[in-house]
């Protein structure tokens, strides 16, 4: 069998491999190499699952040691020493310093497993079945998560009606003129509105797939108030925006809110190994033993790397570095916005979770192709795929960041000749 | 923070850790050790996710080498060399020798992700929304999989109505007197039956969680014929029964059927690392690029270990060993059935996927406790949890197997004094 | 505008007017006349809505007097003297003599309004959402009733998925070999069956649209026992089989069961004027005032005629006459079955609610056409429309009955030449 | 059995009889009398089902003649002379003069039967399942209509989740500041909005139960444009606002729109006898024969009275009278608003479909009670029941109207002493 194994045997559903037509092998930090040895700066980082870069040595060293030692790898939800170390690290280095105290649930290891568990728990806690979700939301591909997602193309593939979802406008949708929070408050209070009280409101602090839309602190504060007033469980899906992406560990820290349930996955393991957790306000942890399960919830390899990731947040030098890198990125992007008003409409997002809203999807497609040619991996998002997602590792070196931005700048520049 | 991190911080949902109250550390083959150094024979193997034993050296050695080499770990659905190697191995060592030619889809890495993708594809292919599923089925914890599962306790936790599911009796349900296949055929043919034609029929060849119920070849052949006749997609969820568990790689090989879609996960990676695939009859592979996705579908660590697992099946000595072990296990179980008619009603399952239907759940609970005390991990299943699941690694040594069975024998024996 | 007003202006949905292509004007007893003065014996009686014949003088005389007297016609659910008279008549002449004590709800005046109210109340009483319904059931055309109906062609027109319905086999479905009651009992008791406990079981004692299938007393008794055991509301849809059709007032009298809720409509008004009621076991009458409504629930014209109908049941001569007519009809049908074994498979139904299961739908169509030509209106039913429905007025004269049967006999005879 | 038959035997669900605690007997024009002979002016008219007054002689005379003549009363959808006369009258006197050409479907005779048929047809025409409906809508009590209704208390009684409904804000909801039409346009155009394209938009031109909210011409024109642009079926539920209530025959005439489907019932028969029709744009009439049915769709008594009602609209004197009465009512209400600013916030509605939004539900309750005491029947509506509905017969005499208003005026005046 030769090199076109993918074409011959893999389902037509594959996508990124068409956008980046090469075969990758090595990877370190912000750089990955293909079979020919060509390096690429990675501004895509596994759709946000590699915030700490590829093969981060602080994270991988203990994992290799763990493997070599014939330690237990898969343990369902049995107790293991590696799991205990992770729990302790997460509590001591992440939760406690932020004044948070959540119970930790280990569902299946993917983001959608976490959202499904969160939604099920909210329904169990309230005895209600519907959930309020937002325009342009993305929460995952299994049926429960799909139901609350906004994108027509992904949702339609579910092939069944999406039930029990109350769709409401996100902050600034369809325009800033529209006061979405007042509308939500009104339909929840009016007995004639035709809207049932939902079990939960689920949202992303920054809608990544939806076009890098960042909610304002004022709006988030109001949403939390509405949840408290109406007895609705407030769920933050922090799968893409959390685990350090915005510069803070949680994306909601700067808004000073405290959701009832938080879902983490993607970069949580630090290594790209599948892991997810659901953080639950202790009084809502009414699960009965075994009521929710999942074979791979005991991925000890991921516990080890996740523990190492948590420890990094106890290091002031690390957090200062992330902060500085975020500023550097934002400065770069401001410059690009100023330089290419004919192509770029607006900067989107926050911190290291940034986007450039462009004037057409076609342009974004061409920029993507030129960038790939020149050694940069970037992705687009938004309902019309006209937003360039800029997601470098938060541990990227200045040199790598500058090099990536330079390639992006050139790719935009080249559109003058398109 | 001290050793009760679990009690203090983990969600109440945890279950196995209550049944096996210790902290595990090391694991090799069929044995795992707790912190105190006490060994346990493992007849639970991660609910079927560790068919090849813990830290199988044939599987782990290339993985460690891969990690040390700073090779790419997470790649979404981009091409990587490790992924290509896995695809080629799976095609050459698994599919081709069995005369099968499926397209391979990589959904999210859990079993439920695979089932959700399979169901979505069947709905897309047929334009129908409902799915036919069986009494006592188990297909996973996300909403789409939950909907087709039978167990009331797991399904109810979803908190929303289970839509679009046509529930029909499995082979031999409620008793052999009832001809379930004729009933299914009739309701699909009668325009007044009140049953819509479903997109798919989804089933397990052996219902593991449902009580180790094995479908007969005759029944499976008829179900396949009904699917062909009515244009219904035939999905086999081979997540627990596949990847070698029954002695064959696929659980349906002995029935000589060829499902339209097959879902694999659990032991597919060979290492316990999360991985799943959906095998699709090529003409049903009508996915559009990117229509189904998932961050962790590119788990290269798992590709490496899964490739090593596939290679094992090319080794006659390996397959002969599995066959011999299956016989040895069956002989053991027949002996126990004959010895303890007062406790055991019936042997269930097939090959190395075996069960003992006991006369009461309480008895099973006591046997479990005594076995744990004496160094054996076993699990129960069935709607009333009165079936002892016997799932040793298929690579277990005779000595380990005999030792496990001896502990089980003693635990049963001890019930005379209970 | 000329005589083809129907073709020019009425929706294509019209059906009976195609089967009986003429324009009707007068009607009395079992006979109706068309514009040309041609008389027809009516074995269709408004699909069971005219059990007491057309313009029954005992029923119509007080109605005309009521109208002439400028009495109130529409009153919502306000008190009127006519409503009080009906309630008293229904209690004194129908309920009390049968030892029944139900609360009476007046929903909208159609059968489907009654079934919708009954299902809503059962859901409210139990807090459960699903309902168990049977193969080949028919309960009406609004969404809630449609959901529990069996026929694919009618249900599909709803255009939305039919939710919350557990479909189970009716008595003798698919064959007498299948013990449907044991199956139902088993799936309600087994926590792994995948079947939620329903709010209600709804059924017809004789399935009219489903092919005149009559449930046995033994089966009905078991169904009632299952409802009692599992706390499920037992609803009898007596819309077509009740109000005298079987010879008894309620179709379930001979089975000596006492359903929790009974729905009546069609012949309830005696005059063909729309009226329906829901009979509710008093302790289940937990409606709050105004919780269910309907503009036309106060149809006083119908109250007056319904009251007159109820009074007829206090007359021994009337009931004896109905009994005798039922016997006469059954004797006729037995003779036809014996005479035409090449066309008729089986007699169906009971009392004056009779059917002839024929060997093909085409035959039934031809018999229908010849009968119409010769002055008899009959209808077919069943999923394959191969059952001739024989529904004369229960007040039909012997002469009219014999004449109708003779036309039917000739129409069958003529098939020898077809 | 004595006079409290209602308490003893009628379901607790009864409501109006509690608000108007007496027993009614006679009724003529705008006046009804109770058993004691006390007259009441009727501003409730069967919730809009008696727009032409009680026992209107122009309407009842032909009906009595029809009954006395032993003409056919119930005919399913067979052709009858009375039905033909109605169709011709409706086409000649109602549709043609307004430049409309619809196909006429006769569903079951209640409003909700008509709405269910309209929704089913829209789903069939488009192949889509969801429907867009508005805050504070009311469309009926069967499940399909209930689903699109806004009121929590009525919807919840259905006891099952309301599926496939997209709830959007009505004109001016929650305030005039909110541009509901732009919002609707946006969510239908944005692929990320999370809103499926619906089969239909269903609305009332004036929301009666919702609080007498009248949509503006501009808003209705835009809604019609959106439906045309997106290929959505535009359904007007004209059950309460149509058949003359606003002064025009259809409530949408003044807005110069032409809906794809119009549902009529309530006052359509002119007599209070149950009748409803669905008007269908001819190219949407894709029903197959018999695909939708209903026993009571052939209510010939109602055909006769409805035909007489239609004829009235051909009389200029009649329409001029209605117009004058509408003006007289509006003048009265303007005066009340000016006189009682402490009690009345706003006049609502249009023409003879009027409402007074009051400052509290308690006030409305007290006004209702005093008015009843003094001989006036009025009703309230709105999600908080703080709107007095003023629905006199459109044929009311000036003297009766003035008398009713005087009683209302006094009842308001008396609140100064409350």
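All chains are identified by letter, namely A, B, C and D, in their written order; residue positions are counted from 1 within each chain.
We take it that a residue touches a chain if its C-beta (ideal position, glycine included) is under 8 Å from a C-beta of that chain, and two chains touch if they have at least 3 such contacts.
Bear in mind the structure is a predicted one, so any value in this text is a computation, not a measurement.
Trainee: Quick check: more C-beta contact pairs at A-D or at A-B?
Mentor: If we tally the contacting C-beta pairs, A-B comes out ahead.
Trainee: By mean C-alpha position, what chain is farthest away from subunit D?
Mentor: B
Trainee: I'd like the Å distance between the centres of subunit A and subunit D, where a centre is the mean of that chain's Cα atoms.
Mentor: From the centre of subunit A to the centre of subunit D is 50 Å.
Trainee: Where the centres are mean C-alpha positions, what is the separation of subunit A from subunit B, in Å?
Mentor: Computed value for the inter-centroid distance: 30 Å.
Trainee: If a residue has to touch 2 or more other chains to count, which residues of subunit B qualify?
Mentor: Residues 129, 153, 160-161, 163-164.
Trainee: For the complex, give me every residue of subunit B touching subunit C.
Mentor: 129-130, 133-137, 149-153, 155, 161-167, 169, 174, 177-179, 182-183, 186-187, 190-196, 210-211, 382-384
Trainee: Using the touch definition from the top, list the residues of subunit A that touch subunit B in their complex.
Mentor: 1, 3, 5-6, 9-18, 20-28, 32, 35, 46-50, 54-55, 60, 63-64, 67-81, 83-84, 87-88, 91-92, 103-113, 116-117, 119-120, 122-124, 129, 141-145, 147, 153-154, 157-161, 163-164, 199, 265-266, 271-274, 278, 280, 285-296, 298-299, 301
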